[in-house]
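Presented sequentially are two complexes of subunit A, the first with subunit B as partner and the second with subunit C.
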Partner chain A sequence: MATVTISDVWKYYGKTMAVKELNLEIKNNEFMCILGPSGCGKSSTLRMLAGLEFISSGDIYFDDVRVNDLPPRDRDIAMVFENYALYPHKTVYENMANPLKLRRTPKDEIERRVRRAAEILEIDPLLGRKPVELSGGQKQRTAIGRAIVREPKVFLFDEPIAHLDAKLRSHMRGELKHLQRDLETTTVYVTHDQLEGMSMADRIAVMHEGVLQQLGTPEEIYNRPSNEFVAGFVGEPPMNFLDCTLEQSNVGLTVVHSGFRLALSDQQASLLTAGSAEANVRIGIRPDNLAIEPGADGTLEVPGEIFVTEPLGGDMIVEVTVGGDRVMVKTKIGPMGGPGDPCRIGFDVDKLHVFDINTGVAYF
Partner chain B sequence: MASREIVRYRSPLRTALQGLSILFLIFFFVWTVLPLLIMVVSSFKDLLDAFQLPEVGDFGGVGVMFDFKPTGAHYVELFTEKHFGVYLRNSLIASLGSAAVSVSLGSMAAYALSRAEFRGKRDLLFWIISTRMAPVVAVMVPLYVIFRSSGLVGTLPGLILAYTTFNLPFAIWILKGFFDNVPYAIEEAAQCDGCTRWQAFRLIIPLVAPGIGAFIVLCVLFGWNDFLFASIIGSGGAKTLPVATAELVQPVKIQWGMIMAAGVVTTVPMMFLGLLIRRYLVAGLTMGAVRE
Partner chain C sequence: MAANIADIGVASEAVRGVRTIDHHPESFNHRPPRYYLLWLMLPAILLLAAISLYPLVWLIYMTLHEVQLAPGKSDVWAGIDNFSRLASDKKFARGWLTLFKYSALCLSVEIGLGVLVAVILNNNRFEKILVTIFLMPMMMAPVIAGFLYMFLYNGTFGWYFWLLQSIGLLESGSILGNKFWAMFAIVATDVWQWTPLIALITLAGLKRVPQEQLEAHMVDGAGPFRNFFSVALPNLYPFLLIAILLRFMDNFRFIDHILIMTGGGPANATKILPTYLFDVSFKFFELGRGAAIAFTLLLLTILLGLALTIVFEDPTRKLRTERED
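The block that comes next holds the complex of A and B.
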């Protein structure tokens, strides 16, 4: 139950910059996900919130209290670590009771709270075990249990489910989201997995090389990426990028590629003009926004050649060579032909993104 | 952490080596255990029986060594006339005291050296271990002078200090290795739980218990078995068992029975210490703490 304000925060390790001029406000009870590849500064940010790292410059506020100089114990946070960091010589119960014990909670109150947390996390039969006797998922639940036994101002999650196997991970995504809604506690969740961010967060902050790239709801991040990095990082399979040129004709603005020509809408054209776009641009289109049909003589406008098909059960991803570049198309599974066979693909021009080829900034 | 299965393939060389290793073990057993056995047996013999030895090469006559009337007289004499109770106490205080001081100072220093990163850390570590490199004899004379002017000669605190000088660098090095193996994330988690740095340090102490156990054994053994320091710095007021035993060798009469009994008295406590500490020596307590 707190608003977290990160104001002009920089982090240096020696001469290496980890976080650059970060400004971020996390609303009360919000589930904020900090998303980025490894080394983007997301963990440093979280550790500065926790008080485990010095803030090189800038301020962090919990509500109106500046916490820069408070040690972790005085910040009233609870953190779940990537590698769980359980106390190996203590049982699950003792692990979870530790934060309460340190706050001199009465014994029966500790008992009650630990049991309740254990029930929520479905680890109540394991309370007497030691971490070494637990599976990865159980350890992770214990670590979460240690965080939720008390009611901290802020939950900090540092890639808590990164090491679980895929099936358990998808299960835990739902559990964690439900838990956060249930407990109504401000949460900062760090991950490199865009799927976790997209599926759990209220808002996502995408970071890259220490710089905040975009802050927005999952829907905004996915549909209106502010630059090429965000566009390419979010979404699976990733967005296709193609270098093209813009051509002005009497019918309007056209995107020209060696394999195809796409006429842009008036609205898109005006956005490009407003952004004074150069002749060379990079276009981006998600695999979902491309249509494909096998054979050389379909109705779709762009001819291509199949490079490889990857069936995924219900869907399939087809890599297609178009005018010397390769694009991925996601479609329903069906007969498609093999490598080298001809096909035709179609663009959903409304879903097209155009980026500056040098800066990567999105025009739309 | 996991130990691997070692695959063995049968070959003539392997069989021959196996035979050899059994021979070696027999020899080793005789070499190490026989003196102890003779010591224990002789401590219960009176002087006459003690010198009942078979002729050289007369293996059938070994029986005479065990043909005697056991007597506890040597032990009684040790503890009544020779005041071995006092010396035993001195030995215990000096060796355990030094172990306690070394372990508390050493674990804190080791923790700091393990966790903190600072300029000259490697040099500092080397300097610490280098204080162990000088042979005891070489530093004996200056140490004696310092101790005498500080009034520490012939006192137990003096002896504890002398042993600590030599045990502490050792403690720091051993324990640093153990602290290195405890993931820092555990302490960070403890701090987030509400621990201070000091509480977090205390929380992880059980994880380095095998190191502390091993070190206590080595440290106590050093003090317990030491003769040089005890005879020079401890002489007089802080006489320990080895020194007292040596004094049983008198110009007119070597008290073999009592020397053997003193040997037993000196050996037994250390064997118990070994048994006591054994369960702490089992490493692997940190297993499963964090994902490896």
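The block that comes next holds the complex of A and C.
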């Protein structure tokens, strides 16, 4: 129950910069995901929010209170760690009761709250066990339980489900999202897994090399990436990038690649002109926005050659060689032919992204 | 039997359509015997027997005899006389008491100080150099440390004596000649020489305390003190156990300080059992009785060692070795 304001925050470790001029406002009860590859500064940011790391410069506010100099215990936060950080010599019950005990909560109140949290997380039969007797998923639930027994201002999650196996992870994504909606608590969730961010967050902050790249809803991040990094980081399989040139002709602006030519819409053309784009650009298109048909003489406009097919059960990913570059196409599974066979692909030009080839900034 | 198992294999193959391997099933979980390991260990076993078992057998032999040192005389069988005489030996009982007092004082001060020093040293900017400086007392031979402190306590030119006198704790006389102060003086020497060992072991332990547990505890609402006692200390138990065991046995063995400084005096105030044993065996040359005393010391060392291990046994350790995940 708090807004979190990160204002002009920098973090240095010695001379190494970890976070650069970060400005971020997390709304009350919002589920904010900080997404980025390892070393992007997302964990440093979270640890500064927790008070486990000094802020090199800048300010962090919870509501209107500047918390820079407050130790973790006075910030009214709860944190779930990547390695769970359970106390091995304490039982599940004692682990979960610990934050309450340290805040001198009456015994019956502790009992009530721990039991309630354990019920929500479905770990009530395990309360008497020690962490070594738990599976990974149970440990993780205990760690979450320890966080939710209090009603903190802010939840901080540091890759809490990164170490679970794939099946459990997808289950926990749903559980965590549901839990956050239930508890109505401002949440900051750090992860390197774009799927977690996309599926759970209200808004995502994508970070790279200490710099905030884009802040937006999952839908915005996915459909309108602000630069090449965000475009490539979000989405599975990743976006295809192709170096092209722009050509002005009597029909309008055309993207020219050694394997194809694409006429851009007037709106796209005006955006490029407004951005004073150079002749060389990089286009990006998601594998979902490409169509494919086998055979040399189909109706789709771009000819290509199948490099490899990867069936995924219901869908399949086809890698196609187009004019010297390789693009991935995601399509429904069906007869496609093998490596070396001809095929034709089609671009959904409306879904095309164009980036500056040097700066990576998106024109659209 | 072999035929039966083969039959079962065929049957199950037919029923489940699974191919079974034609082996005795129970042989899967057994490693082949590795007798060659015995041969590899033999030199070590022989060496151990020569330097450890042989003296032990001799010790037991001596406890049961009146050992004669004069040439030509043979040892006289004494049965349990050596032991039964100890029961009425007041110095023997007092030796035990003094030993426990001495050990308890040394251990409590050393553990307390050692842990404190380790906490201060841990992650200190000057940790490496401080550790090196701090380890110096340990590198000194105990005999030399004994002499050093004897001079420091000296009533005419000793610096410690002068210090205690200046702050009004001592009036005159000597520290080591005082029945009350002598014990503390010797404990202080032991503390000076061996606290670094405890600190070193604890420091190694502190490095193994999981950082996230400390951080989680801080987020849970703990201050630095709570953090140390609730998270670091439980993680330190195995290390402290080793330190306590080592120092406890050292207190039985290292009697250099006492022999140099007081020889057990004044009025037996510092005569711990090992010094009494030294007197009996090598001053009075009653080797049989000395052996009996040594034997009781040996038994107690073993028993206390076992007891400590049981008390400090980490109840989760067994599980941890059973299922690592």
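Everything below uses one rule, namely that the second predicted complex is superposed on the first by the 364 of 364 C-alpha atoms of A that agree within 3 Å, B and C clash if a C-alpha of one lies under 4 Å from a C-alpha of the other, contacts with A are read in each partner's own complex, and residues count from 1 in each chain.
We take it that a residue touches a chain if its C-beta (ideal position, glycine included) is under 8 Å from a C-beta of that chain, and two chains touch if they have at least 3 such contacts.
From a predicted model like this one, the values you see are computed outputs, not experimental measurements.
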Worksheet item: With both structures lined up on subunit A, is it a clash or a fit for subunit B and subunit C?
Response: clash
Discussion item. If we overlay the two complexes on their shared chain A, which of subunit B and subunit C does A:98 touch? Say first, second, both or neither.
Written reply: both
Practice prompt. Check the residue A:173 against both partner chains and state whether it touches subunit B (first), subunit C (second), both, or neither.
Written response: neither
Worksheet item: Looking at the overlay, what does A:115 touch: subunit B (first), subunit C (second), both, or neither?
Response: neither
Item to complete: Look at A:163 in the shared chain and tell me whether it touches subunit B only, subunit C only, both, or neither; answer first, second, both or neither.
Response: first
Worksheet item: Does the superposition put A:326 against subunit B (first), subunit C (second), both, or neither?
Response: neither
Item to complete: Starting from the residues of subunit A touching subunit B, keep only those that also touch subunit C in the other complex, and list them.
Response: 50-52, 71-73, 77-79, 81-89, 98-99, 102-103, 130, 132-133, 136, 146, 156
Worksheet entry | Touching residues on subunit A, where the partner in the complex is subunit C | 50-52, 71-73, 77-79, 81-89, 98-99, 102-103, 130, 132-133, 135-136, 146, 156
Worksheet item: Which of the residues in subunit C come into contact with subunit A in the complex?
Response: 210, 212-213, 215-223, 226, 230-231, 234-235, 314-316, 319-320, 323, 325
Fill in: subunit A contact footprint on subunit B (complex, rising order)
183, 185-186, 188-197, 199, 203, 206-207, 285-291
Worksheet item: In the complex formed with subunit B, which residues of subunit A make contact?
Response: 50-52, 71-73, 77-79, 81-89, 98-99, 102-103, 130-134, 136, 139, 143, 146, 156, 163
